[in-house]
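In what comes next, subunit A is part of two complexes: it sits with subunit B in the first one and with subunit C in the second one.
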Partner chain A sequence: MREETAVPFEAASATVGFGAEAFHRVLIRVGILPILMVVLVVIFGVIEPRFLAWQNIRTVGIQSVYLIIVSVAQMIVLLTGGFDLSVGSSIALTSIVTGSVLIAVAPDFAAIAKAAAAGVAMATLIGAVNGAVVSIFTVSPFIATLAMMSIASGAALVVSGGVPIFNFPPQFSDTLATGTLMGVPAPWIAVGFVVLLVYLLLSWTRFGRYLYAVGGNAEAAHLSGVPVRRSLFLAYLLAGALTGVAGVILTARVGSGEPNLGATVPLESIAAAVLGGVSLGGGEGTLLGAVLGAFFLVFLRNGMDLIRISSYVQMVVTGVLLIIAIVADRYIHGR
Partner chain B sequence: MSRKPLLDVEGLSKRFPGVQALDRVDFELCAGEVHAVLGENGAGKSTLVKVLAGSLPPDGGRVMLEGREVALKSAQHAAQLGIRAVFQELSLVAQLTVAENLFLGREITRGGMLQKKRMLELAAGALARVGARVSPSAMVGELSRPQRHLAEIAKATTHEVRVLILDEPTVALTSEDARHLFELCADLKRRGVGIVYITHRFDELYRFADRVTILRDGRRVGMFETDQVDRARLITYMTGRSFDEVFPTLSAPRSRICLRAREVSVPGRLAKTSFEVREGEILGVAGLDASGKSELARALFGVQPGAQGTVTFDRAEINLRRLSPRAMIGRGLMYLPADRRKEGLALCRPVLENMTICALTRLSRAGFIAKAEERTRARALIERLHIRTPSLLTRTAVLSGGTQQKVMVSKALLSSIKVFIFDELTQGVDVGTKVELYHFVRNLAAEGAAVVTVLSDMAEILNLCHRVLILCRGHTAGFLSGTQISEAAVLHHYFGEKMPATENAVGA
Partner chain C sequence: MKTSHNRSGWLTRLFGAGVAAALALAFALVARAAGGWSVLSYYGTYDLKTKKPGQPAASLVGPKAETWKTPAAAKGYLIGVSFPHLKDPYWLAVDYGVIDEARKLGVGIQLVAAGGYTEITQQINQVENLASQKVNGIVLAAISYSGEDQLVAGVVGRGIPVIEVINDIQAPQIRAKALVSFYDMGYKAGVYVSGQANKSARPVNVVFLPGPAGSGWAPDTLDGFKAASSKLAPGKVKILDVKWGDTGKNVQLQLIENALATYPQLDYLVGNAVASDAAPSALETAGRVGKVKVVSTYITPPLYQDIAKGKVAAAPTDFTALQGRMAVDMMVEILNGKVPGKDFPFRSGPVIQVVTPSNYRTFSYEAMFGAPDWRPVFSVKAGR
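== the complex of A and B ==
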C-alpha cells in the first residue's frame, strides 16, 4: 500500500514555484491536497484571523463529520472503479425514515437507537440494491446509482409528502449532534468508529485487498480467484451503510427529517475523495486522503462563510475544485 | 543495394529520472536497407525509436537526415520529413473508417469539400499493398487486432515515406499476414525506403534484415551485417550468456497421470480435444492463429465462454461448464494469461499485492491478513525468481516487462498448484528473462508439477516440451513427443498437410 504522506507542509510550500518539473515531482509525491491546504490556510488565515482559532477548527471538525463519512463511503466504491451518485438521496431517505420512526415511537433512549437503526438499515438496503445491480447485472455504476438517486429521492418525497418531519424529541439532537461522552463530541465518536472500521477493512483484511485488486484490474482479479462480484456487492453495501450513518448524524444536526437533505453530497464526496488522491480509475487511494479531502472542503466553506462569500459562489468554487482535482489526478497518474 | 546513408545518428543520449535510457548511441540507416535493432527489454530500443520518430526529444547527440542535421520537434514534424513509425500501441481512431483514418489530418479536398471517393480508392490500394483483406469503409473498431495492425502499416505507407520504423510488427500478425508484410517491405526497399526494424524474433531477423544493431543497458554493444553473425553470438551480445545455457535439459516425466481432459470443445473454435498430462511433464500446445490453442487453455480454467467437456483432476471429474478460476485454484490448477497488462496484473498496485492475491485465503486468519507472513513469503519468491524490484511496495507499473512477467508468474507459487497452464509465457519478454523462465518451467516439472504451455515460438516448441499437442483450425492435428518434435513435423501438422493458403479458414 502506498504510504500516505503525513504532509510535509514546509516541503510542499517551499518547492512550489521552482518551475514545472519541481512542481510535478511534488504533485506526484504528496498529491494536490497538501498544496491546496497550505494555500487555504495562508489566504484565509491572513484575511480572517478567527479562521485559525481553535474554536473555529473544532466547529469545522464537527461540521465536517457527515461529509467525511460519506467521502469514505464514496472512496470504497471509487476503489473498485465505480462511484455512487445515490449517496445524496440516500441521506434524504435515511432522514425521512429516521424522522418517521422517531416520532412514531415513545421518546426515550431506545427510540433514538431504533430510529437511527431504521435509517441506517434503509441506506444499507439502497447500497445492497446498488451492489446487486452493478455486480450481478453488470450495469455501469454511473447508470445504476443515477437511477437509484432518482428512486431514493422520489421515495423520500413520497413518504414525507414533500414536507419536513418536525417535532423530534429534543433528546435526539442532544445525543447525536451536540452530546458528548467524556468531553468528546458524539459525531467524533461516530466518525472515529467509521474510520477505524474502514481502516481495518482496507489495510488488514482480505476483503480490503480484494477491493483494490478489483479496481486495479477486474479481469486479473477474476483470473486470480478473487470473488469479483461478491467484493463489488459488499463494497456498495458497505458504502450504503456508512452513508446511512452520515444521514442520521446530519438529521440530528438539522433536527428534522428533511426530504431534500444531502443534495450536494454526491458531488462533494467525489470531489473530496479525488482531492485526497483517490483515483477515479479505481485501485488507488487511501483512507487518510479521503478524510483530509472532506475536511478540506468543509474548512474551505467555513473560511468562505467567515469572509461572507455567498453560497452561490461557493457552489462555483466546489465545481472548479472538482475539475482541478480530476485534472491533477490525470496528471499524477499519467492518463 | 545502395550505401548512401539516409539516416545518420551520432551520440544520441536520453536520460529519464534514475535511468540512462540511451547512452551515446550511434546508428546508421541506408536507403533501401532493413536495419534491425535488437536488445532485451529496457535496453533502450523503444527509447531509440521514439526519439527517431520525433515523439521524444533527445538530451544529446544529433540526427542527420540525408546529410542535413534535423531537430525532430514532434511526430508530425518527423512525418513531414518522411519518417514514419508504427508502434505496438496502435493509434487508429476506432470510431472512424479505415479510409478516414488513413487520411486523418491530411484529407484530400477540392474547394473545401472532401474527395471521399478518391480517398476510398487510394485507401483500397494501400490496404491491398499490405495484404489487408479489409474494406476501406469498414469501421476500425470492428477490425481484428491483426487487421488493425495492417491498417496501421497501410497508414504509414500511404504517404511519402523515407524512413519506416516498425516496432515488433509481427507480434500481432498471423504468419500469412506477416508474409504479406515482408513482401511489402521488400517492395519499399526496392523504392529506396530505409526500414528500422525492432524485433525479438531471430528467424525474422535473418530472413529480413541487412544489418543489426544490438543495444544493452542503453549502449550500442555491437553492429553487424546479418549474414556475418550467428544466433549464438547475437544472444551473447544481448545477454552476456552463451546459447547453450538458454534451454535447460528436461528431466523425465513421472508415470502418474495428473490431469485428463476429455472432449474439451468450444463452439466454432475448438473441436473435441482430449489429452492427458503426467506429473513432471511439460505438454506444449502449438498451432497457428485461430487454431484454438489459447481457447483450450482457457477452457481448462473456466474462463472460456461456451466451453464444454470434462477434466479429471484432483480425484474429481469436473464439468467445464461449472468451473470458476477460484474453484480451480483451490483444487491446484492455475492459468496464467498471455496478456499480462490486460489480464495478469493490477499495474497500479504494489508488487506485494499482485504476488499474494491468489493466496490470500491461506495467508489470512478469520479474514485478517497475516502481514508478516505475507511479506516473508513474497520475499522468498523475489529471491526464487530473481525479481528485480526496488521494494515489495513498488508499483508494478514501473517495472520492466520481463520483471512484470515474473511477478505474474509468482502469483501461482504461493498456492499448492499441481497443474500450471501457461499461455505464451515468454511473450514480449527479453531474452534474459526468457532463459530464466525456461529454467523455471523446467524446475516446476522436475518437482513433479504438470505443465501445459501454449507456445508460438518454434525454438520453444522444439526445446521446452516433452510432448507437443498441435492444433490446426480447431482440430487435433497430432501429438509429437521426444525426438519426433522437429521443425518439419511441427509445420507439417500446423497446416494439416494442406497448403498454407487455407490456414485461416476457421471463422473465429
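== the complex of A and C ==
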C-alpha cells in the first residue's frame, strides 16, 4: 500500500520538476516580454473590454509600425556595439524632403513614388555619413550620431523654415497610411517587408554573421578575416535606409511634412531594442526581440490610455516596467 | 468775369475738398498700417505681490479696450530679442511681427533663439550675450515663468530695459509686457464649447489635450477652459479625460486614437493646435466625422486650412504677429523716454477672436501668422 502511494508521488514531483524546467526553458527562449504582455493583455482586457476590440487592435498595430521599423534599424547598429541617436532627426528631415518633393511634383502615383524615394534616399545618405564617420574615422558612435542628430534637425529647419509642409495631395496618405492591399493596411506591408528583409540578412547572409562578430569582439573579428569597417559602414547605411522607410510612412500617417517629427524616437527605439533583449554592449540580440520590444512600448501606452491611467502616472509605470523587464531578463539568463 | 471767378472758386473749393478727403483717407490707411488694431491694456504699477501665474497683476488697472498706437523711433535703436525657439509656425509669426515692425520703424534687431522649452540655460546665456553686445533694450520671450527673474534683474541693473513678449514672466524688474494670456485662450475655447453645450439637450463630453505637461502655457489653457465652462454652462460640459503630451504630431495623433477608442460617447476633442490638426484624419479613420467636433486652444496655418475646409469647428487666435509688433513698439516707447503704465500700457495684447468656418475670411491672415511666404529672419540693421 505504502509502495503503491509512493510511485504516483514521485511521478508527480518529477512532472512538477519537468514543468518548472520547461517553463524556464520557455523563459530563456522567448524572454520575459511575451509573458508580461499576456499578463497586461488580461489586465487591460478585464478592466476595459474595448481594449480587445478589433478596431483597437488594428489601431495598436498601425501605431507600432513606425517604432518597430526604427527599433529594427537601431538593433542592427546595436549589434555592432554602437547606437544611432540621429534616427529622430533623420525622420524629421525625411519628412521635410518627402513633403517638399510631393508638393513640387504633380499629384499622381509617380509623384508618391518619387517623394517616398527622395525621403528614403535622404535618410540613407544620413546613414552612409554616420557609417563613414564611425568606420573610417573611428569616431565613437555616440558622438558621430549625436552630431548627425544636430545636423539633420538643423537641415530640416533650414529647408522648411520651421513651418510644416501641408496641403499634401490626399493620394499620398490614402496610399501609404490608410491604403490597403487585399485588406492588409499599407504600413503593415511595409513593416512585414522590412522584417523579412532584415531576417534574411541576419540569418542567411555572411553580413548578418559579421554584425554579431563585430559587436562581440571587433579585434577578434578582424583577426578572423571579418571586414570590420565595411560591416560597420553597411550597418549604419542599412539603419539609415530603414529609418527613411519609417520616416516616409510616418509622414503619410500625419499627412504633412513636419520638421519636429520623431523627436522621441531615438531613446524609445533604444529602449525597445534593449527591452527585447538586444545588448547595449553589442553582439547579442534577436530581430524578434526588437520587434516585440517596440510593440510592447506602444501597446502599453495604448492599454494605459484605455484604462484611463493619467499621463503623469503612465510615465512612471513605463519606467518601472522597463526596469522590471530588463532585470527579469538578466535573472532568467543568469547574468 | 466775377461769375467766372466765382465758378472757379467753387471748383477750387470742390477740388480742395476732394484732395482733403483723399489725404484723410490716405492718412487713415497709414494710421491703420501704423497700429490700429483692438487691444486690451493694463495701466498702473506692477506689484509682484498681487501677481498670479496666467493672470495680470491685480495692482494694474484694466483691462481697457483701446486701439493700439504705433510710435515713431527717435533714434535707430538696436533691440535684442530672445525666443525659446524658432522652429514652428507660432514663433515664426512672432518673428515676422518683430522684424516687420522694426523695418517699418527703422530700428535694428538682433534675434536669438534657444533650442526649445527645455533650454533655459541656453536662453540665459544668450540674453547675457545680447546685453554684452550693447543693445539698447531686450525683448524677452521667457522659457520660464519664474526662473529668469535674476537674469532680468541683472540685465536691467546694467541699464538695459527688458520687456516680455508672448509668455508671461514674474520678474519684478520687467518694464512692460506684450502678451495674451493662454488662460484667456483656453477660456475662449471654453466659451465656444459652452455655447454649443447650452444648445444641446444633454451634457457634452470632452477629452482635453492641453500639450506638454509642466509647460508654461498648456496647463493655463486647461484652467481657462474649465473656468469658462463651469461659469457659462455649469454641469453641461463634462471633461472625461485630460491627455498630456509633447506637441509632436505623431504623439498627439496616438493620444487621439486612444481617446477615440476609450470614449465612444465623445462629443468634443479640445486641445493644442497640433492635436487639432491631427484630429480630422483620426476621426475619418475611426468613422466618427461629424460625431466628434474639434476645437483648438490656439491657431496655426495648417489649422487655419482645416477650419477653412470645415474640418475643425473653432480656434481662438491671439494675433501672434501683432504681439511681435507690439513688443517692438513698447520697447521703442521706453527708449524714447516714455513711461510704461502711464504714457502707454504696462501690459497689452490683441483682443482674442474665435476663428470658425463661417467667419475665418474676416480676419487678417498676416496679423495672425505673418506673410504667407515668410522665412525666419534673425537680424535687421537700424535705419530705413
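Methods note: the second predicted complex is superposed on the first by the 274 of 335 C-alpha atoms of A that agree within 3 Å, B and C clash if a C-alpha of one lies under 4 Å from a C-alpha of the other, contacts with A are read in each partner's own complex, and residues count from 1 in each chain.
Everything below uses one rule, namely that a residue touches a chain if its C-beta (ideal position, glycine included) is under 8 Å from a C-beta of that chain, and two chains touch if they have at least 3 such contacts.
This one's a predicted model, so the numbers in the text were calculated from it and none came from an experiment.
So if we stack both complexes on subunit A, do subunit B and subunit C clash, or do they fit?
fit
Using the touch definition from the top, say if A:173 reaches subunit B (first), subunit C (second), both or neither.
After superposing on A, A:173 lies in contact with subunit C but is clear of subunit B.
Under the stated touch criterion, name the partner, subunit B or subunit C, that contacts more residues in subunit A.
Of subunit B and subunit C, more residues of subunit A lie in contact with C.
Please indicate which partner A:24 is in contact with in the superposed arrangement: first for subunit B, second for subunit C, both, or neither.
Touch status of A:24: no partner.
Mind working out whether A:330 is in touch with subunit B, subunit C, both or neither, as first, second, both or neither?
neither
Return first, second, both or neither, reflecting whether A:263 touches subunit B, subunit C, both chains, or no partner chain.
Only subunit C; A:263 stays clear of subunit B.
Report, in whole Å, the shortest distance between any C-alpha atom of subunit B and any C-alpha atom of subunit C after the two complexes are superposed.
Superposed on chain A, the two chains' closest C-alpha atoms are separated by 31 Å.
Which subunit A residues qualify as touching subunit C in the complex?
Residues 48, 50-51, 53, 55-56, 59, 63, 66, 157, 161-164, 166-167, 173, 177-178, 250, 253-256, 258-264, 298, 301-302, 305-306, 308, 310-312.
Okay, in this complex, where on subunit A does subunit B touch?
Touching subunit B: residues 1-3, 204-207, 209-210, 212-213, 215-217, 219-227, 279, 281, 283-284, 333 of subunit A.
Sort out for me which residues of subunit C touch subunit A in the complex.
86-89, 91-92, 213, 241-251, 253-255, 257-259, 261-262, 264, 277-278, 281, 284-286, 301-302, 305, 374-376
Could you please specify the touching residues of subunit B with respect to subunit A in the complex?
Residues 301, 303, 325-326, 328-330, 335, 337, 342-350, 353, 357-358, 360-361, 364, 367-369, 371, 393, 395, 411 of subunit B touch subunit A in their complex.
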